[in-house]
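Dropping the structures in below, format is structure tokens.
In the two complexes below, chain A is the common chain; its partner is chain B in one and chain C in the other.
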Partner chain A sequence: MGFDTILQILIQGLNMGLIYALAALGISLIWNATGLFNFAQGDLLTMGGFVMLSMFAKWSLPYPLAFLLTVVVMGLVGYLLSQGFFYPMFSQGVHPDIIIIGTISLIVLLQNGILLTWGPHPQRFSTPLGDSPVHFGKIIVMPYYLWNIAIAVVLVIALQMFFKKSIVGIAMRAVAQRPVAASLMGVRTNQLVALTFLLATGLAAVAGILIAPIIPLTPEMGSIVALKAFAAVLIGGLGSFAGALLGGVIIGVAEVVFATVVVPTYKDVFIFLILIAFLLFRPRGIFSSEISEKV
Partner chain B sequence: MARLAFLKRIGATQVIFLILLLIPLSGIPSYQFYILERGLQNVLVVLSLVILLGFTGQLSLGQAGLVAVGAYSYGILCVNFGVSPWIGLVVAPLITGLVSLALGFPSFKLTGPFLVVNTIAFSEIVRILILNNEKITGGPFGLNSIPTIATGLPLYYFMLVIAYLAAVGTLRLGRSHIGLAFKAIREDEIAAESMGVHVRNFKLLAFVISSVLAGISGVFFANMAGYLNPDSFTFNESSTYLLMVVLGGMSNVAGSILSSFAVTSLPEALRFMARSRMVVYAIILLVMVRYSKVLEIENFKRLFRRLRPIPTAPGSPAADHAKGKP
Partner chain C sequence: MKQHKCLLLLILSVFVATMLLGGCKQSQPKTLKIVHLAPLTGAASSYGFHLVDAAKMAVDEINAKGGVKLPDGNLVKIEYIEVDETSNSAGAIDGARKAISLDPLVMIGPNRSGGVLAAEKLWKEAKIPTITDGTSAQTTRQGNPYTFRNQISSEYWIPLLVKTAAETYHIKKPAVIYGLNDYSKANWVATEPAMQKYGMKPVTVQTFNDNDQDFSAQLLAIKKSGADSIFLYAYTPEVGKITRQRSELGMKDIPIFSERAASDPAAMNLAGKENFEGMVTTTTLSTGDPNPKIQEFIKNYTAKYGVPSASHLCHYDSIYMIADIVSKVGLDREKIREALSKLDYQGLQGHYIADKEGNLVHYMNSQVWKGDKWVLLQTENYPVAK
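== the complex of A and B ==
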């Protein structure tokens, strides 16, 4: 296997990895703000992809406008979910397991809603760069890989700036670290939880937009993508920004390498075995953020 | 009052099973009978989750994987090896119990969402293995012409007897010292450990008991359908089982049995809406989860207590409000 093949695999893996990382970041953000694992993240991703499909491929809006509108629409969906469904349950002190089950019934709703609206057939759309492969010397790359990587990298840098510099980002980190102290300092927790859901759903939507050129969208694709995003979060370290990013990239590269080198049918099994191994031997992941537990 | 006391002694579970015993005798149409059978098959999975989630507090989304293991071990034993269905009936749940050790072992240390992810991963691995080992399992084409123990009414009554035994067993398990150990683990693992409960062994025991029940359910599934396909054991099935047990009140056996019939028949009852029925079903589920605090069985009991003329002690126990994180 030559150097160019390895580079090609790496680009492909990085591409999938960044998509998983975006979904994983959303899971990580919600976990930080509320202590909830949002199992519906994968289906919010699918829905984002399908909304983009309607706007870009069906109504033929220009790509940047469709992209922006999709993220706004999905962010609004996340905001409404938080205000109407999740936050009231948190404030009533509903058992966390029940809220997890709430996210699972949300999966049933989203998958069937998508099936009803967009139909069962796999559908895809491309990026403005088109579908003809690009040659760099011996390396052949699909243009949407480069496009995806560029968007994901810009987004990750912007998010990092947001959390480090902006007052809202700092307040979000404060809520994640000490919720009671943060609310005593005048941070409005319910607004921030809603904002976190908005951000996480927007990230899922971006991931859905980016995944569509590679994997055609189907209503039930969310489950498997979500599971890989969870794997990314848990491998990287739950609640850590860098962890979600690194975990996503590890999962993406491992998946593509396994599929090319060993056998493509069992690539998901391989990923899940890595996940189980991590849960067994290093349950806090690579970048373990502070998860305080009793004793 | 005397009549009510009599009812109390036989218990809600017995009443439910008595009704289930009588329903098919009234000669219901075959489609409704099929739903009844499916409900009964789901009762076994729901009982397995009552033990695992209700008693021990281990949230699992891998139940469909275990049902698949049970169903496919029965199918493979009977079709590929020509084993008698009765032996398959006994051996398949035991195989499921053994396989569940593979699930239980990584799950010792895990709680909450970590455990859920682990069980989903297990279930997906099972599904992918079934899908890709075509020679043994039939892969995406499924496993055909599986010999059955019985069909129609005899099968129904056989399932009813097994389900009844499982329900009574679960009730008794809940009251036994093992059940108390399970509940101690649910309430506080560390406190349980310090009181001399071997947490690891009891968790593993809960996993094995619950997976044997799921395996029996899988065998019944194979018997009812006579055909197995990996699509019958997806994440959606696992989440449906979980919803059944939650709506039934987690550790309440009679409630879980009722809710397993209710949730099984809900999509069928909504069939007149054709394509949008699953969306409506999901919305009903969401509303029920959203107001689960209100729908809890304890609240109804409190309501009944309040309706009684006897005055309760002043200052009723305050609801444990505002306890969780924001």
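== the complex of A and C ==
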């Protein structure tokens, strides 16, 4: 196998890894702020992709405007979900495990809603950067790979800063770690839960927009991506954004390398063996955050 | 007291007789009920709607003319009900149970071979003639006299594809990539013997799992093998993704030979028109077929439902076929089954003849996507095994 081929494989792996990482960021955000796993995060990502499809590909809005509107619309969807679904359960003291199971019902609701609204046909849209491959010698790179790398890195840095430095971010972490104590200290749990879901769903929308040119939009697409994204979160370290990014990249590169060097058919088996190995020998992941201590 | 008992007995007798008569009356269907098991959700739903729309179009046409004329001269309307079989085997079993509970005269579907194999015992026990889709040769080899197929087995999809590759494109070093599902595996099984006939042998054989998103490992292996073509067997989304990734990896000059999933417009939408040029497929119905009747049908379908997936319009003919049989034998399942097993019927899309396994289709076309449309390449009729 030549150096060119190895490099090409690594680029393909990085591309897939960023897809998982983008989905994993939203999962990490909700975990950071609420201590919950939202299994429907992948389907919110799908919905974001479809909303962008309508705005950009169907209604021909300019890409930046469609991007922004999609994030806003999905942020509102997240806000409504928090107020109509998550917060009522929080406020009634429903056990977090029950809420997590409840998110599975959201998957069914969202997938069928998407099916009814946008139909069953797989769809995609391109980016303003186009679909023509860029050649670096024998290496071929699609322009949206570079675009996705830039966005993912910016998002990770922004989220890290937000949770470490801003008052709101610190308050969100406080609510996740000690909700009663945070409430007694004057933190408005309701508003923070709403903000968390607004942000996480907006983030899912960004991921959906960036993923759509690579993975066709179908009602079930998000669940397929989310499975690997959850693995990325666990490998990278629960609650760590850098961990989500690294976990995603590890999974993406590992599966492409395994598929090339060993056999493509069992690449998923290999990935989940890696996950099991992490759970056995490093259960807190690569970058274990303070919040993950509560597990 | 005795009078009261007699009266009570009389009332009970009248009641029982009424129930029995009512029951008899209920078992006499007033309509020609057809239940269509189609993939309306799940991975195959993109063409599930084509399957249903084509059948509905025929139902609407027949009902608009008053319905189907029975041998006794009465007219019956077709009652058409679609049931979602969710594109998987478990869904096909659930869907078949639901369909049977609706007491249809005839069933259509399921769509995928795995679904047919999973659910066929149910309609065998219920003794309901069922016109299925799947292309795996095994679906009509289960010894089920109630299973028929309005599709052609993969044993016939592939020989014409290989013949077209060899004779029209002079392919010498094919690579094969297929999904690990019953449908694609059956196509692969039929490939080697077909290639041997033309002195071809795959230079590499690659596989993938359904719902995989990245195929770079397989495509790079194909590139490395020096293949002059790719034989691609997959469901529609994977056909689109692989065709696109082939171009992204600088392999656009290696032509793809595929089958009916590639004729679904969704495959081209996903791949991008610029990457789809030169795609060769086999199909039972080609929109490039110059036959004026077929062109008119395609035009009417497109006006009503949008761009068709030509290989998935087969149940337009299934509905007319059932109507024709019912007009001769009446609303009797066993007689319909018998008529289907001896079928010799000229439909719009082709001539249907039942073979000993219940396969009704014995013709095939190959086509190429060229300059924004499908162009018919070759047509072949296969012998019917009686």
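Observations on the model:
Convention: the second predicted complex is superposed on the first by the 271 of 295 C-alpha atoms of A that agree within 3 Å, B and C clash if a C-alpha of one lies under 4 Å from a C-alpha of the other, contacts with A are read in each partner's own complex, and residues count from 1 in each chain.
In this text, contacts are C-beta pairs under 8 Å (C-beta built on N, C-alpha and C of every residue); 3 or more make two chains touch, one makes a residue touch a chain.
Here the structure is a predicted model, which means the values were calculated and not measured.
With chain A as the common reference for superposition, the partners chain B and chain C occupy clashing space. After overlaying the two complexes on the shared chain, residue contacts for A:123 are found with chain C alone; chain B is out of touch. Residue contacts after overlaying the shared chain place A:6 against neither chain B nor chain C. Of the two partner chains placed by superposition, A:76 touches none, neither chain B nor chain C.
In the superposed pair of complexes, A:68 makes contact with neither chain B nor chain C. Once the two complexes are laid over each other on the shared chain, residue contacts for A:255 go to chain C alone; chain B is not touched. By the touch criterion stated above, A:35 is placed in contact with chain B alone, chain C being left untouched. After overlaying the two complexes on the shared chain, residue contacts for A:280 are found with chain B alone; chain C is out of touch.
Of the two partner chains, neither chain B nor chain C is touched by A:185. Of the two partner chains, chain B and chain C are each touched by A:268. Judged by the number of chain A residues each one touches, B leads among chain B and chain C. Residues 112, 115, 224, 265, 268 of chain A touch chain B in one complex and chain C in the other.
Those residues of chain A that touch chain B in the complex are listed here as 31, 34-35, 37, 39, 85, 88-98, 100-102, 104-109, 111-113, 115-116, 175, 179, 183, 189-190, 193, 223-224, 227, 230-231, 234, 265-266, 268-269, 272-273, 275-276, 279-280, 283, 294-295. Within the complex formed with chain A, the chain C residues making contact are 40-43, 45-46, 48-49, 180, 206-209, 211-218, 220-221, 224, 236-237, 240-241, 247-250, 266, 269-270, 272, 274.
Against chain A, in their complex, chain B makes its touches with residues 53, 57, 59, 61, 106, 109-110, 112-114, 116-118, 120-122, 124-125, 128-129, 132, 190, 234-236, 239, 242-243, 246, 275-276, 278-279, 281-283, 285-286, 289-290, 292-293, 320-326. Chain A meets chain C in the complex at residues 5, 8-9, 12, 15-16, 19, 112, 115, 119-124, 131, 133, 135, 140, 142, 214-216, 218-220, 224-225, 255-256, 259-260, 264-265, 267-268.
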